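One structure coming up, written as structure tokens, with questions to follow.
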Amino acid sequence: MTINAAQLCELLQGELIGDGGTEVYGPSQIDKGIPGTVTFLANPKYEPFAYTTAASILIVSRDFMPKAPVAATMIRVDDVYGAMIRLTEKFSPNGVPAPGISDLAVLDAGFEENSGISIGAYVVAEKGVRIGANSVIYPQVYIGHNAKIGEEVIIYPGVRIYPNTEIGDRCIIHANAVIGSDGFGYRMDVSGQYSKISHVGRVILEEDVEVGANTVIDRGTLQSTVIGRGTKIDNLVQIAHNVQIGQHTVIAAQAGVAGSSAVGNHVRVGGQVGIAGHLKIADNVEIQAQSGVHSGKFPAGSRLFGYPAIGYQEYLRSYAAFRQFPAYIRRIEELEKRLAELTNGKA
Amino acid sequence: MTINAAQLCELLQGELIGDGGTEVYGPSQIDKGIPGTVTFLANPKYEPFAYTTAASILIVSRDFMPKAPVAATMIRVDDVYGAMIRLTEKFSPNGVPAPGISDLAVLDAGFEENSGISIGAYVVAEKGVRIGANSVIYPQVYIGHNAKIGEEVIIYPGVRIYPNTEIGDRCIIHANAVIGSDGFGYRMDVSGQYSKISHVGRVILEEDVEVGANTVIDRGTLQSTVIGRGTKIDNLVQIAHNVQIGQHTVIAAQAGVAGSSAVGNHVRVGGQVGIAGHLKIADNVEIQAQSGVHSGKFPAGSRLFGYPAIGYQEYLRSYAAFRQFPAYIRRIEELEKRLAELTNGKA
Amino acid sequence: MTINAAQLCELLQGELIGDGGTEVYGPSQIDKGIPGTVTFLANPKYEPFAYTTAASILIVSRDFMPKAPVAATMIRVDDVYGAMIRLTEKFSPNGVPAPGISDLAVLDAGFEENSGISIGAYVVAEKGVRIGANSVIYPQVYIGHNAKIGEEVIIYPGVRIYPNTEIGDRCIIHANAVIGSDGFGYRMDVSGQYSKISHVGRVILEEDVEVGANTVIDRGTLQSTVIGRGTKIDNLVQIAHNVQIGQHTVIAAQAGVAGSSAVGNHVRVGGQVGIAGHLKIADNVEIQAQSGVHSGKFPAGSRLFGYPAIGYQEYLRSYAAFRQFPAYIRRIEELEKRLAELTNGKA
């Protein structure tokens, strides 16, 4: 696919400076610009590259005043970052499969060809599964009985969905994620052996949730595990049974939320963070990567760090002191010695 | 499926108080009780909900004395928690597939239809694989050559089993887990490049082991990686080559055990814990979530916390002091100043 | 497969002591030697087992001088460890499938039968995919459009490769790994909702890279995510968008590298390590397991530990002091008390 500067300019409602016929086949970074690509000056500190980039088209802010000649065709726009997002979408490599249902799929329920859905090869969908209009089920996906998939959902290859799971409209689930697996619950009997506690709850993903590759979300014991609308979960994340995640929360890779905890709205959970079980994390909390949250007492908007997590600034101050502590041990011992001398001298 | 109070009462060998004809279709939580469901009063602190729950049947302890009218039909039992486990099993959503071997599977060895085994669509089982009676292999599973699967095993969709692996009776392996992959072993040659060390050991899961979704267990270098009888492993766990895990041990999500370590019986490993290589963890040790265990010197029954892990109480005490340390630094400096003044004043 | 001592001796260019007709079917550990196997005396501390092992053949160093009779047939070699690696390769259980293309695969592009490639059942390879000579694609793999697979590559069952990914010669990718998934990038709009940033970069694995089971490597936003030649990545690792990993680096299980970071050559990253985003890690750095690296200021060859990571020895010293904090707090308070007494006494 190629597009020329005049077409780009129209798409972005910008102002063209230079040759409208300049063609590009994709985007590139301003500091590594490639002929035949379009690039962006979003961050002022990259301005020097505007004068040297090999990219063919350069998108700049309306108020950008060049201090030297710019070789690239320029397009001035109101919102450079927004323009970048629109353009990368245009060049996005995940070309979604065309509607159609593979003959090489085992579908216990029938699906209508004309609802715009796409079901790839080697998919298995068990009895009672429903799939909404315009959803895409990539090859090799498994969907357990009675699961409901909303509209315009994208499920990448190898995803496994356990029975009764509910996936909201416009959710995206990346390759090899597992949704609805058994919670990790056992009861120890008198002989010291574990017997399994069945989980009859479900997993519910509300609308516009994204789930990363190889992430696992367990279903609830009695109630459902719920991921709120607009929440984004990265790769290799663990969401345990009964967890309730609010809306528009982001959870970075390899983080884990233990059983029955509730996480609020607009929370930002860093990579490899652990949240212990049965906690309630308030709205707008930000948890620094690798922290271990053992308490739900932190108010909305807190920024946390440490193991167990405390206030971000408090942790940094204590950690700075931690690094000095071997030196202070010597100073304490010196004080003791001098005080002893002083006392003895007095005695 | 529905069941009525009289039938439930017989199943649980309880005592019925109210209408035996009350029907329920599933369980719910007492504080979120739903008409048409059965709920439980297991924890005394939830007693107020016994008088307000909308659930149709309420299971209580034999010694429960209501302090107010209870609208629900009641069943008194000896062990409320045990009754809950039995009931959730009854309503469990993972309806296991019926016996039968899919025509859409590639099976290098033949399997007898009448042994009660179920093999789903798009399964591949290589040469020499054996599968015991009444085992269920869900769709899209891969089983490498000469692997042996015991009786009454359940293997969920997308599990990958490398050659020669041995899975004991009644094991459960969740979706997309990988069992028997190559250990992470290399030798650096003189030019600074790594060459791969082949792994000829196997993975052996003894009876009644459960392995979570997306967990990985590597096979041994020369000996086998062994998971002991009754041990339960959560999602996204890493078990490296040559590891020996004892019996009835539980390992929570995202924990990792490095190469050649041995973990005892009845050990409880928290989420995101790391156990370094070549250690021996004694029986009944409990390791707090996210801890990093670098030593095998802790006696049986120890409770560990920290990074590197030390005694649980010791870590908490030191961490409390860590939080105060910036203030103590000021106090040390004040002491130094005052002592200097004192000494100077004396001189 | 069996091999006799004379054949082994020739293979290893060793010196035979004993019966050249002694046959073995595999290797074993010296302390758990099994009749019919070959074992190794590589570590001097295992010498006592040389005299008692039940293994049939024992490989020793050329300068080994037995202090007691050795029952096994011996082979003396220059490099015992190297001999072990060659032998375990010979007995390796992952018998690679024979060349041939399964009829039960959906291949949008044609592949030549005579190029030595093997494509298993239930594989899907989309339009434009290229696969080099002698590569092995195990069953149930998904390869997105325009992905390029080099020569002699091995891709284990269930691997998912997103479009446009490039896999170099002799790479090995273990079961259920995901390569080329969408980076975790969103932009928050004024209403507090996240909109997705498309990722048009690719993932490039250079030659001789190995990727562990259930590991995820996201593709870049504009540029590509690159894993350098000879680098080895363990299981359940997260490599985020735009990351650049150098050559001959090793990354242990469950580690994560956040977006846009660059890791040098010959770096050793321990298990469960987290490397924050936008950092540059110098060559030959060694990062202790579970550390959290928040800074790129450490010079080449540094050894790091802690959270946030500092020098290895510095962290150990501070942690030793951390364990003594509570006692020193009491000593500081005692000093204050004594100094107060002294001052008051003087007043």
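Going by the order they are written in, the chains are A, B and C; count residues from 1 in each one.
In this section, contacts are C-beta pairs under 8 Å (C-beta built on N, C-alpha and C of every residue); 3 or more make two chains touch, one makes a residue touch a chain.
The structure displayed is predicted, hence computed values, not measured ones.
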Checklist entry - In this assembly, which chains make contact with subunit B and also with subunit C? => result A
Checklist entry - Same residues or different residues: which describes how subunit A and subunit B meet, taking over half shared numbers as same? => result different
Checklist outcome for this item: Whole-Å distance, C-alpha centre of subunit A to that of subunit B, is 25
Next on the checklist: Using the touch definition from the top, which residues of subunit B touch two or more other chains?
Outcome noted: 122, 140, 158, 176, 214, 236, 254, 272, 307, 322, 325, 328, 332, 335, 339, 342
Checklist entry - In the complex formed with subunit C, which residues of subunit B make contact? => result 106, 122, 124, 140, 142, 144-146, 158, 160, 162-164, 176, 178, 181-182, 184, 186-187, 192-200, 202, 214, 216, 218-219, 221-223, 236, 238, 240, 254, 256, 258, 272, 274, 276, 292, 307-308, 310, 314, 317-318, 320-322, 324-325, 328, 331-332, 335, 338-339, 342
Item to check | For the subunit C and subunit B complex, residues of the former touching the latter | outcome: 26-29, 32, 81-82, 85, 88-89, 91-95, 102, 104, 120-122, 138-140, 156-158, 172, 174-176, 208, 210, 212-214, 230, 232, 234-236, 248, 250, 252-254, 266, 271-272, 289-290, 307, 319, 322-323, 325-326, 328-329, 332, 335-336, 339, 342-343, 346
